[in-house]
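Each of the two complexes below includes chain A, the first together with chain B, the second together with chain C.
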Partner chain A sequence: MAKKSKKEKAPKPQKVRRGKLAMRDAIAGYCFVAPWVIGVILLVARPMIESARYSMSTVRNTPNGLFVTFTGVENYRQLWLNGVTFMTELVAYISRTILAVPVIVVFALIIAILLNGKIKCKGLFRLIFFLPVIIASGPVMGMLVDQGAGSISTLDTSVIENIVGFLPDAVSDAIVNVFENIVLYLWYSGVQILIFLSAIQKINPSMYEAAKMDGASGWECFWKITLPTIKPMILLNAVYTIIFLSGNEQNTIIVTIRDTMFGSQGYGYASAMAWVYALVVTLMTGLIALLLMNKKDQYAKKVKLVKKEAKRQERMLKKAQQRGKKNAKKIAAYKR
Partner chain B sequence: MAYKGNNINPQTFEKGQAKLIAILLPLAMFMLLPIVFIICHAFKPMQELFAFPPKFFVSSPTLDNFKKLMKASQSSGIPISRYAFNSIIVTVIVVLASIFLSTATGFALSKLKFKGKFMLMEINNLALMFVAVAVMIPRYLTIDFLHMTDTYWAHILPLLAMPVSLFLVKQFIDQVPDALIEAAYMDGANDWKVYYKIILPMIKPAIATSAIMAFQQVWVNTESSNLYVSDENLKTLAFYMNTLANANNSVAGQGIAAAAQLIIFLPNLILFIILQKNVMNTMASSGIK
Partner chain C sequence: MPRRLRRTSAKAVPKQKFTKEKFHKLIFGTKEQEGLGKQVIVYILLISIGFVYLYPILYMISRSFMTRADLLDSSITWLPSSLHVKNYLDAFAGMDFLNAFKGSILLSLLPTLLNVVMCGIIGYGFARFNFPGKNIMMGILIFTMILPQQVVMTPNYRLYNDLGILQSINSLLLPSLLGQGIKAQLYILIFWQFFRQIPNVLFEAAKIDGCGYIKSFVRIGIPSAAPAILVVFLFSFVWYWNESYLTKLFVMGVSSSAENTWNTLVIALSTFNDSYASSSTVSGEALTSLNEAIQMAATVLCVGPILIMYIFLQKYFVESIDNAGITGE
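Let's turn to the complex of A and B:
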C-alpha cells in the first residue's frame, strides 16, 4: 500500500518538471532544425509543389516570362495516350530495376560477409570495395559505359538470350541487360557493402558462441543469426539501391525527361513525366518494403499482441473490480 | 575493451584465408577497374582513344591530351585559375555548411524531443526519392525569386540540404548512447555543448563519409553553372572542363575530355585517401557497444 501511494505521488512533480524540460528541449530542437527546414522549404518543397502545378498546365517560356495555363490532367492524358517511348522506357526501367536490386543486394551481402572474415590486408580490401562510390555518380561513369567497360566482353550474351528466349520480351531483355551490366552493378554496391558490414559487426558475438555450443555450423549460423539480424539493413539497402538506380545519370528516363523539357512538348509535359516516374519509384520502393518487412515484424507483432492481450485483461480485471466495488456499495446500501 | 580490428568477428574462418582471398582478389580487381580506366584513358594517344574494340589499358602513354588541354585553356579569355578558385570556394562552403546542417539536424531529430520531428524525417525520405531533374525549372525560379542568379549563392544553396547525408548522419547519432548525453547534461552542458563536444567527435566516420559525398556532388556539378549563372567569371572548373571538351570538334575533344576527366577526378581521389581512415571506421566504430 505504501509503495502504491509513493507511485501515485511521484508523477505529479515530475510532470511539472518534465513540461519545462520538454519546452526547453523543443526550443533547442527547433533551433537546431531551423536552418535545414528553411532550406528544404525554399529549395526542395517549394520547387516540388511548383512542378506538380506545372504538370497540370501548359507552360510556355516566352521572352516576357513564363506563362502557365491550367489544363487539368491533360498532360497526363497525353502521356498515357501518346507517350509511347516514355511508357516503353518506363516498363524497361521497372523490369531492369526489379532484377538489378536483388543482384546488387546479394552481391553486397556476400562481399560484406567475406570482408568480415579474417584475412590479411582487410583494410586494403575494404578500401578497394568502397572506392567505386567516389565515381559511381559522376560523369566518369557515363564515359565508362560509353566505352563498354560495364560489360564483360568475353561473356557472350547471345547464349543467355537463347536460354531465356522463351520468356516474354520485356523480361528476357531485362535479364540480358543484367548480365551485360554486371560489372556496373558491382561498382554500384559500395555503400551497400558498407551498410551491411557495419550491421554484421553489430551482431553480438556471444550469439554465435551460444549457437556454436549447441552445435550449429557456420552455414546454419548465417541463416539463423546473421540473416534475421540484418534484415532491416537488407530493406534499407534495397531501398537505397532503388533510389540510386532511379536517380542515376545513366538512367535513360532521366535523359528523356530532360530532353522533353527543352523540346517541343514543353515543361508541363516533362513535369507530368517526372511525377509519373516518381510515383512509379515510390510504388516500387513501397512494394519492396512490404516484401521485406512482413516477416521481420513477426516477433514484434507477437509481442504487441501479447501486450495488447495483457492490457485487455488488466482492463477487464479493473472493470470487474470496479463493478465489484459498486456492487458491494449497492449491496451495502440495500442492506442498510 | 578497446576495439581491435577484427576480434569482433565470429570465429568461423579457421580453415585459412586462402579461399577468401581467392574470391575477393578478382572482385577487388573489378572494383579497381574504373580508376585504372580513368588514369589510362587520359594518357591514351589519339589512335588508341578511337580504337575499336575500345582498349582498356594504354599501350603507349603520351602527355598529348594534357598539352592540348593547356593550349585550349590558354586561348580562352578567362584564366583557368579563376574557375579553379570559384570551384574551391563553392566546394569548401558547401561541404562545411552541409556537414553542419546535417549533423545539427540529425542531432535534433535523433536526440532532442519536439513536435513534428517524425514528419520532418518523412519529408526527408520523400525528398530522397524525388527526381532532381523534375524540379530544375521551379528551382531556377526560386533562385531568381531570391535574386541569387549570378552570385556564388546560386552554386551553394541548391546543394546545401542533402537528404542522403542527413539520413546517414541520423542513423549514426541514433547509435550514440543516451547515457553519455545525459551525463553531459548532468555536468551542466547545454545542447550546443553536447552537440559540439560529444556528438561531433563520436560521429566522425559519418561526417567523413558525408563530406566525401558532398564534395563529390559539388565538385562535378555543372548544372548550377549551366542554369543559374550566366557570368563567365563565376562559373566552376567542372563546367569549364566540360565546355572545353565540347567546344572543340568531337575528335580532338575526346582527348581533351579524357584529360579533363582525370583532372576533375583527382581531387576526389585525394580527399578520399585523406579521409579513408575515417570512412573505413564507419564500419568499425559502429561495432563498438
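Let's turn to the complex of A and C:
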C-alpha cells in the first residue's frame, strides 16, 4: 500500500492534497478532541444563544414548561433604569479590578524576583507564598474578612493617609484602600508568583553574564533583560487576575445574578445581567491585552507592510519592462 | 624597638584599609558577590511579606482556641489563656462535619479524576494531530476560558433540570466528562503544552512497530506526561474543593430542600451561622452560643484537611509548576 501511494504521488507532486495517512491522522485527531467539541456545542455555544434569547424576553417558569415571550431590549432597559444594586456593584467591581490588577501583578513580580535570588530556606518561603492558592475560597475568605483578618490591625493606615493626603481624594482613597486590604491583595497573587518565578528561572543565565561583562548593574539587568523577557507573562498574569477576580465568590455580582435567577424577575433579567457582566469582563480583558500586547508584533506588521509594498513595486516594474519589450517588438514589426 | 614599632604599624595599615574598603564591599557587594546590606533588605522584605501571608492563618488558629472571656479581654491579642477545645467540638457538630467532609471528598475527587482523563485525551488530540480547523478550535478554547460562567449558567441549569441530574453529583460530572469542568480549559492547555514537547520520533518509532493511535497514547503519551497529570490532579482537586458557587447552584440546589444530602465543607462554612443556630436548637445539646471563636474553629476545620494535604504534597505542588511548563512559550 505504501508503494502504491508513492507511485500515485510521484507523477504530480505539485498538487497538494491530504494523503491517506494525513487523513487518518486528522480523523484520529477529531476523535481525540470530539468530547471537547461536543462539550462546547452542548454546554457553551447552545447555552450562549439560549441565554441571549432569554435576555431579550420575559421568561416565565411554570410547571407546564417554560414560556418565553420576546420583548426586545426591555430587560436591558430595566437593568439600566432600575437595577440600582446591580449597577453600583458593577461600578464597584470595575474600579476594584482596575486597581487590583496592577497591584497584584506588581506584588507578584517583586516577590518572584526576591525568591529568585540566592536565599536560604527558599522552599519554606515558596511554601508560604503558595499557601493562599490552597485555602483561599469564597466562604473562607468571607469568614476571615468578616473577622478582620483581611487587614493587619497593627499596620496603621492613618500614617499612609497622611502621607498621600496631598493627592486628589479619589487617588488617595484608592491607595489607602490598597493598604487596608493588603492581605487580600497579596493572597490573590499566589499563582501569579509561580508563573513569574518559573518564567524568570527559564531566562538564560549567560545573558546576565554577558551584560555583567559589559558593566551592567543589577538594576540595568532587570530593566533590559528580565522585564522584556517576561513581558508576555505580565499579560498572562493580568488576564489571569481578571478571570480570577470575576469568578471569585467574594465578588458580589455573580451572587446577585444567581439570586436573581430564582427571584421574581426570573431567568430573563438574570441573563441580561450576565450578558452585561460578560461584556464588561471581556472589554476589560481586551483593554489589558491591548495595553500589554507585545509591541514587536506591530513592528513585524510594519515590516510586512513595507515588504509587501516593495514586492508590489517590483511586480509593477517587471510588468512595465515586459510591456516595454512587447512594445519594442511591436514597433519592430511595424517598422518592418 | 623602632623595628617592632614599624612592624606593628605595617600591620595596622592593612587593617585600617580593611575596615574602610572591605566594609563598603561587604555592605554593597561587588559584581561577583551580593552585599550583606542587600541580603539583609531582601530577607527583611521576604519575612515581612511572608508574615502578611501567614497573618490570617495565625489569626484564625489563635482565635479558634479562645474562650468568650479571652475574646473580650483587650489584653489578649495572640495567645489564648488556655486551649479551649470545646470551640472545635461545637463547630464540628454545628457544620455536620462528617457528612460535609464526605461530600467534599466525593465532589472534588470524582470530577477531578474525570478532568484528568478527559483533559489529557483532549490535550493529546490538540498536540499530536493536525486537522483542519484546529487553530479556530484553540481560539474558542481561549475564549471559553475568559467567558464568565454566568452567561451559560441559566440555560445549563435548565438543561440539567431536563436531564434530571440536578442536585446530584452528575451535574458536576457531566461538564468534566465533556471537557468543560471548572478551569478545564487551563488543564487542556497544560496537557497540550506538555504533549507537544514529546519528540515526534518516539511516536513514529512506535507506529513502525505497529502501535495504533490509542496504544501509542497509552504507552508513550501517558507515561511521559506524569508531571502534567500530577499538576492537573492537584490543582483540579484544590479548585473543586474550594468551589462553592456552582456546587451551590447545581448540586445543592438554591432552595436547599430537606431531601438534599449533599454538603461540602466550604458550603457548610458559608451557611455556618444559620446552621449552627438551628442545630443547637434541634439537638438540644448545650452548644455554646455562637461567637467569633467558634466561627474561626469552623474555618480551621474547613481549611484543615486541604492544608494537611498541602503540607505533605507541597514539594509536588511547587515543583510541578516548573515541570509542567505552564508558562510555556
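By our rule, the second predicted complex is superposed on the first by the 243 of 336 C-alpha atoms of A that agree within 3 Å, B and C clash if a C-alpha of one lies under 4 Å from a C-alpha of the other, contacts with A are read in each partner's own complex, and residues count from 1 in each chain.
Keep this in mind: contacts are C-beta pairs under 8 Å (C-beta built on N, C-alpha and C of every residue); 3 or more make two chains touch, one makes a residue touch a chain.
On a predicted model such as this, the values are computed, not experimentally measured, just so you know.
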{"item": "Combined model on chain A where chain B meets chain C, clash or fit", "value": "clash"}
{"item": "Touched partner set for A:Cys221, first chain B, second chain C, both or neither", "value": "first"}
{"item": "Chain B versus chain C as contact partner of A:Pro232, first or second or both or neither", "value": "second"}
{"item": "Contacts of A:Ile134 with chain B and chain C, given as first, second, both or neither", "value": "both"}
{"item": "Partner chain in contact with A:Trp187 - chain B first, chain C second, else both or neither", "value": "both"}
{"item": "Which of chain B and chain C A:Asn116 touches, first, second, both or neither", "value": "first"}
{"item": "Touched partner set for A:Val281, first chain B, second chain C, both or neither", "value": "both"}
{"item": "A:Pro47 touches, of chain B and chain C: first, second, both or neither?", "value": "both"}
{"item": "First (chain B), second (chain C), both or neither touched by A:Ala210", "value": "neither"}
{"item": "Set intersection of chain A contacts, chain C complex versus chain B complex", "value": "22, 25-33, 35-37, 39-40, 42-44, 46-48, 50-51, 54, 66, 111, 114-115, 117-119, 123, 125-135, 137-140, 143-144, 147, 149, 183, 186-187, 194, 197-198, 201-202, 243, 246-247, 254, 257-258, 261, 267, 270-271, 274-275, 277-278, 281-282, 285"}
{"item": "Touching residues on chain C, where the partner in the complex is chain A", "value": "31, 34, 42-43, 45-46, 49-50, 52-57, 59-60, 63, 118, 121-122, 124-126, 128-132, 134, 137, 140-141, 144-159, 175, 177-180, 188, 213, 217, 238, 241-245, 248-249, 254-255, 266-267, 269-270, 272, 292, 295-296, 298-299, 302-303, 306-307, 310, 314-315, 317-318, 321-322, 325-327, 329"}
{"item": "Residue numbers on chain A that touch chain B, as the complex places them", "value": "22, 25-33, 35-37, 39-40, 42-51, 54, 59, 66, 111, 114-120, 122-123, 125-135, 137-141, 143-144, 147-149, 153, 183, 186-187, 194, 197-198, 201-203, 205, 208, 218, 221, 243, 246-247, 254, 257-258, 261, 267, 270-271, 274-275, 277-278, 281-282, 285"}
{"item": "Interface residues, chain B side, partner chain A - complex", "value": "5-6, 8-13, 17, 20-21, 23-24, 27-28, 30-35, 37-38, 41, 53-54, 56, 101-102, 104-105, 107-109, 112-115, 117, 120, 123-124, 127-139, 141-142, 146, 157-158, 160-161, 166, 190-191, 195, 209, 212, 216-217, 220, 242, 257-258, 261, 265, 268-269, 272, 276, 279-280, 282-284, 286-287"}
{"item": "Partner chain C, residues of chain A touching it in the complex", "value": "22, 25-33, 35-40, 42-44, 46-48, 50-51, 54, 66, 111, 114-115, 117-119, 123, 125-140, 142-144, 146-147, 149-150, 152, 182-183, 186-187, 194-195, 197-199, 201-202, 212, 232-233, 236, 239, 243, 246-247, 249, 254-255, 257-259, 261-262, 267, 270-271, 273-275, 277-278, 281-282, 285"}
